[in-house]
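Take a look at the structures below.
You will see two complexes here that share chain A, one where it goes with chain B and one where it goes with chain C.
Right after this comes the complex of A and B.
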């Protein structure tokens, strides 16, 4: 463990001041939110750690709102709050489900959704859910506000469409409709507090028994979270059946490019991805056909 | 999960303290967070140390430049092997604490720094410049045995370590004939992996050398007396100048058996600065640099006749010692004893080959080779039973050792309830036969065998006790024995309280400062309750004699009529004739020619050091037992979920049922985690998952229902009939789970850990 005592920490009292500081120290500040990823990374880093902008005090970035069929979540909102939020449970249960699996109670209490997004781990558990919810990210800087679709935000492994001076302030997405169902899945190597070997989220819109729209996002199987477009195509316009969901599950292989690492081989990840998609779709099929 | 234990008590004697579930005497301080561990030791003027380790698994050191480290503010000492003279470490004296000339693993210590803060020490260590010439490394023990393999220790001209561990009942021609004629033979290769002991308390030491030339070491070693002796040799100072203090130990599991480089390095830094130096591992360092469990490659075959009687067993084991030999390879001795001693096998051959590689050097860990070899033996028992069309429980019972058996190695088995343990395991798990556990479910069994009455691996296997009674009737037991957190101090206190008829609160156990304690070989081999308990019992008996003599005079009754009970001594023929325990002590003390009560004993169990042919009765008692596992294997994900473990133990009389059950629960969880989760993944000799994010310790969700059963047959040699219990919970778990996975899936797992991916 390295000492971080040489670091300067700026703790703004308002979002305004935070954006001011980001602008003044362009490219020199790392943003500290819950710190559950950042502090560990800084202590392990080979290079000198950057100075920090500590936004943890900015309560104005902690909220969950239901506004005109749009759900808005302040970037500093922690995962315990998201999991327990009646708004999320009702209008985006797939995100509530994903948020609950992110880590231990301590992590859920500290870690923020904005941090999870900006840290950009391909295995981050909130991201597949946000992908299928078609989430939009609000990026603010001293000079203005920009909105980016979450899929456009990731340009490669840990490469973000985030300019210096910009701060992620809000995540928003349309509330799920009556005829939409969503499910999250996660495969880790143990039941408690595991890092995902494979994770994913599925959102289906069903009309008269036919799949009108399907969105499937998979994590930990490529440098960024990916949409399983071939699987989605296989489902759209179909009635859910054993045959259709099996084909859809197998079709995900064209979208993913997993690697071998200490948590699992690429071949194993592929197999688990197909199996989990199948199992999750099977459960959704039962729900739809009830 | 608390299931309540079941106890089959064979004799019904009336005890007041022994056999009762009393809270651990050290529990209160730990619960309120007031217990002091090595990391809590803070001394005035203390410095903090960090070690620089090798960048390569195998390389020549060309140059070390410490100039920049000295320039870091707060640095008070920098040492390398070139500027301090330290002796070599280890049984084979193959391990210099600070390396010169060559490094043989990424764990190798190249330099160390003491500074005013940990951070300054870390910065300084990183500022040390070392020039290496990388050499080709060898990381596979079977590769390392080949004649053209890179040599880890060139002077030996071979990577095969000169440690002969071979035992056989007959020559190999005869053995081969037995195998050829046998009705059923099973032969396979098994492989078991590295894991970390993962105690809560990481490795650490505080060394303080003063101007009088005295060195005080605060350490979490398991063997303070051997530690003191070894450290003196390494440092070149008289052990009488070394004071070893053990604060509370936050678990050790065998990892604390040896002296490790951090000990002499911290001492050397303190000797340079004359200031206390603290060196405590972070969790990452613990995972990367603490000695892991001994891995093994096991080639085994077993033969049986048509009636299901074992005819012969052959085990050839390859033990990767790593770059140096510490305690790990000596697991081979335990593997040998179980190969020859768990069942009655007329013909048996065991051979272990120990090999140097550029991997981390290994230590011993709970079970000491027994979980590893039992994984192979008990899977072969399962496979043989199937080949013979027999029930696996029945097949084991036919071959199980019985009381009063002498094993081929001369181990004298006295009490042995193995057959009853197997029956109870089958009954409690609901065994109805193979393939009957339900869809995707399976049940597996494994038996075990271990020492439980000391283990003579050193010239003395003993433990001393000094017992004194103060004027208020408080009994202080100064024991040589170390409590690793298992509850052995509580067992000692219970034994003394029982013998003197006093309540447990009236007994205090002292064992922090080895300079005032009588000698003990160390806490290993599940020996503390048996050996230190017997020692304490002898001391209590001696004190009781003194007390009885005085009470007999006082109460005007013959000593044989006296009963010690409820903090009083009374006449059994007339209970009104009584005297309080503390009053009696004062009567002895405060009179003309009176005296304190202080007694001293040394108990050395009737055990034998094994001879060069590996013959000899290693222990004064042996423990047996059986485990059954119920698992479910998810057909889609190959997730192995352990639903229930039944753990049955013949450990003699159970002195403290709650504490004993805790030992079994902990052991099962450790064994289960070794089987399914924990693995140190090595690449080029370096641990690549040295953090708790990817080194998977089990959580409460991974721990199944554990049903503990004690088959209590008091052992005549044990204190109140007790035998060892500390290690046995984890020994059969890997084999039992592997057999259950086979029952569920039809797939034999020959390699640990069992990962969903490998199924």
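Right after this comes the complex of A and C.
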């Protein structure tokens, strides 16, 4: 364990002050939100830990709004709130489902959606859901505001399109439509409080029994969360059948590049990915064809 | 006199643990541990660490005032490593600082030059001539079981089955990591408060390391937040000696408290095992021969490995009558983390092998696995695998019947991908071949009429101290709330042996029983002599005698005559017997094994405290399910421990456990006064094998290595399907 005693912690009282501090100490501060990932990483880090900007007090970044068919979530909103939110349950159930699986009650109460996004773990459970919801991230700095599509935000393993001086303040996405259904899946090695071996989310838009649009995102099988574009193509324009969903599930292999690690081998991850996609699509097929 | 902490103290969050009483201004001690599994230490430079503000001392092997050597059974481990490191847990230097932060910083500044040596990690390879030498000889012990002639046995067998089994390193993972707080007293003595399972063993070790006579040290046992074996061996010696050494060197109170990762690396683990079995039987299911080679990896140091090996080898043929037996077991040094005590103590490994073999055999014979087992199961008077007559009185028929009925054994329609599995178990009580087993207790009635029970047996959640209260209260005829169990301090309580081997209620309980009985008889004589007939025992002491009366008693079990060199003799006088049945559902696609139902029947002799008893059995079963499905300390390609944390080391959550139905049978042992059998460990022995057997029943795949991970299941299914296609 590394000593963290030399770290300075800045605790701003407002978003403006936070952006001011980020600007003043460009590139020198790590942002502390719920701390459920960051503190552990700092304790284990090989290099010297940076000073911290503690934004946990900034209640202005805690909200869930339904605004003109757009859902907006403040970056500090914790996962317990997201899971229980009627707005999320109604307009983005796939995210409510994903958020509930992130960890134990203690973690759900402390960890924030912004932290999950910026920590950029390929196994982060909220990310596949945000990918299929076509989420947009709002990044603020002292000088302005920038919006980035979540898929553009990740440039590689833990490489982000985030400038020094910028702070993630909001996640937004269109509310799901009547003819859209979404499902999240997660494979962990035990039944409770597990870190994902493979996870993913599927969102289908169905018109007259045909798939009009399909979005599939997979986690823990590549350096970043990835869209399974070949699988999506296989589904679009088709009626869901066992044959179609099997082809779609197998097509995901072209999009993923898993590695061996403490939770499973690459081969096992590939197999789980195909199997889970098939199983989830099968359930969705039943819902659609009912 | 302080009493032992209760469950009530624990649930209301009372400050009863060692860390709770460490004042903020106490010094902190931290250890620098080895970077390599096997290396020579060329140089240790602590000068930069000493410059760190807040650092009072940096101590290395040279600063150890007593003997820099420890070992529960074999003195093979330096307290602080010098010349050579043999595993990643080896401490090389200690930093004493004003707080944890300063200590952490100083640790980073210590420079160690290593000359890396080739390591060896596999216990079978470590026995090869050319293998790197961890110690002078990598073979630490070779123990045997011998009965009849196995060659003849196999010749007379109609069916012979063979298999190799491998089991993992399991971590005991108690909630509270190891901790000690040492206070130098004005009279030159040292008081050490700690999370200490076996205080008198720790006293021996600490006194040797610190070069202080035993009477200059008082070890005070604080509440213990679980152990499961992790605090049974040398980890508490280390924290007590580390804190004690710092207190001696500085003259100030000092605390040594392990972090989670340090705890998971430094304390004792379950021995990983490689077990090669061959069993022969007649077509009607009589066991003719059992032949096995068993390798236990004890890691870099012996710890209590030799005792674990004794228990493993003497349980290696299961609770069955086999005409001819040859078992050779090898305890081997490697550069892995040290294995030693862990709940079950060598027994879960061999149970996994034997109980898997019984199902493999039953399958070959086309026989019901329960029927095959009952046909060969122990009964009073049979000759066991160590060629000795069993004096105890097991009744597996009753246990199996209860479990089969409750589980619905192979009745009705089988659901797809569901399976049932069963395993028998027998767990030798007390120390048996591990040493002479003697316990002692003092029971006294103070002048205010309170009954005190004093032993050195510690309470770590098993409820043993509640059992003592019940036993003393019933013998003396007083309400339980008049009886207190005194806090364990080595200066104040008698040495009752260690709180291990599930022996508290069996050994300590009988000693308490004898002491209380003696006390009652003595006071009753006094009552009669003084003409106060009609007064009760406590009332007489309080109102008439008005002074403390105390009695001491010892309880001893006869020494068992099993000889590990010849492989013959009685290893244990009595056992706890059990049958565990499980129903699983396996997800073919994901490889996930879900345990749907567990039914377990145990013969516990006599129930002393039913609530705690079933809690112990359920807890053992839960840890046994985890051994079967989840828990494994993983070693990476560079041989670092990958998961010394509770995020990736998978202890079971409530969601992983089904309903557990425990059935308790009271069939008193004919061999001890109370007739009780032990209950702390037996629950852990059989679940892994029962699960493996159920997985076979569900999918016809045989998993021979633990834990049964989804990945192994998927791989085995693929292989079996490939074979099916090929055929």
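Just so we're on the same page, the second predicted complex is superposed on the first by the 290 of 290 C-alpha atoms of A that agree within 3 Å, B and C clash if a C-alpha of one lies under 4 Å from a C-alpha of the other, contacts with A are read in each partner's own complex, and residues count from 1 in each chain.
The criterion applied here is as follows: contacts are C-beta pairs under 8 Å (C-beta built on N, C-alpha and C of every residue); 3 or more make two chains touch, one makes a residue touch a chain.
This one's a predicted model, so the numbers in the text were calculated from it and none came from an experiment.
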- prompt: Who does A:47 touch here: chain B (first), chain C (second), both, or neither?
  reply: neither
Query: After superposition on the shared chain, which partner residues are touched by A:275: those of chain B (first), chain C (second), both, or neither?
result: both
Partner chain in contact with A:68 - chain B first, chain C second, else both or neither: neither
Message: One more residue to check, A:262. First (chain B), second (chain C), both or neither?
response: both
Task: Determine where on chain A the residues touched by chain B overlap those touched by chain C, and list them.
output: 1-3, 5, 187, 189-195, 262-265, 268, 272, 275-276, 278-279
Statement: Counting only contacts in the complex, chain B reaches chain A at residues 117-120, 122-123, 282, 636-637, 677, 681, 688-689, 693-694, 696, 698-702, 755-757
- line: Touching chain A in the complex, chain C uses residues 99-105, 108, 259, 261, 589-590, 594, 630, 634, 636, 642-643, 647-648, 650, 652-656, 709-711, 714-715
- prompt: So in the complex, which bits of chain A are touching chain C?
  reply: 1-6, 187, 189-195, 262-265, 268, 271-272, 275-276, 278-279
- line: In the complex, chain A touches chain B at residues 1-3, 5, 187, 189-195, 262-265, 268, 272, 275-276, 278-279
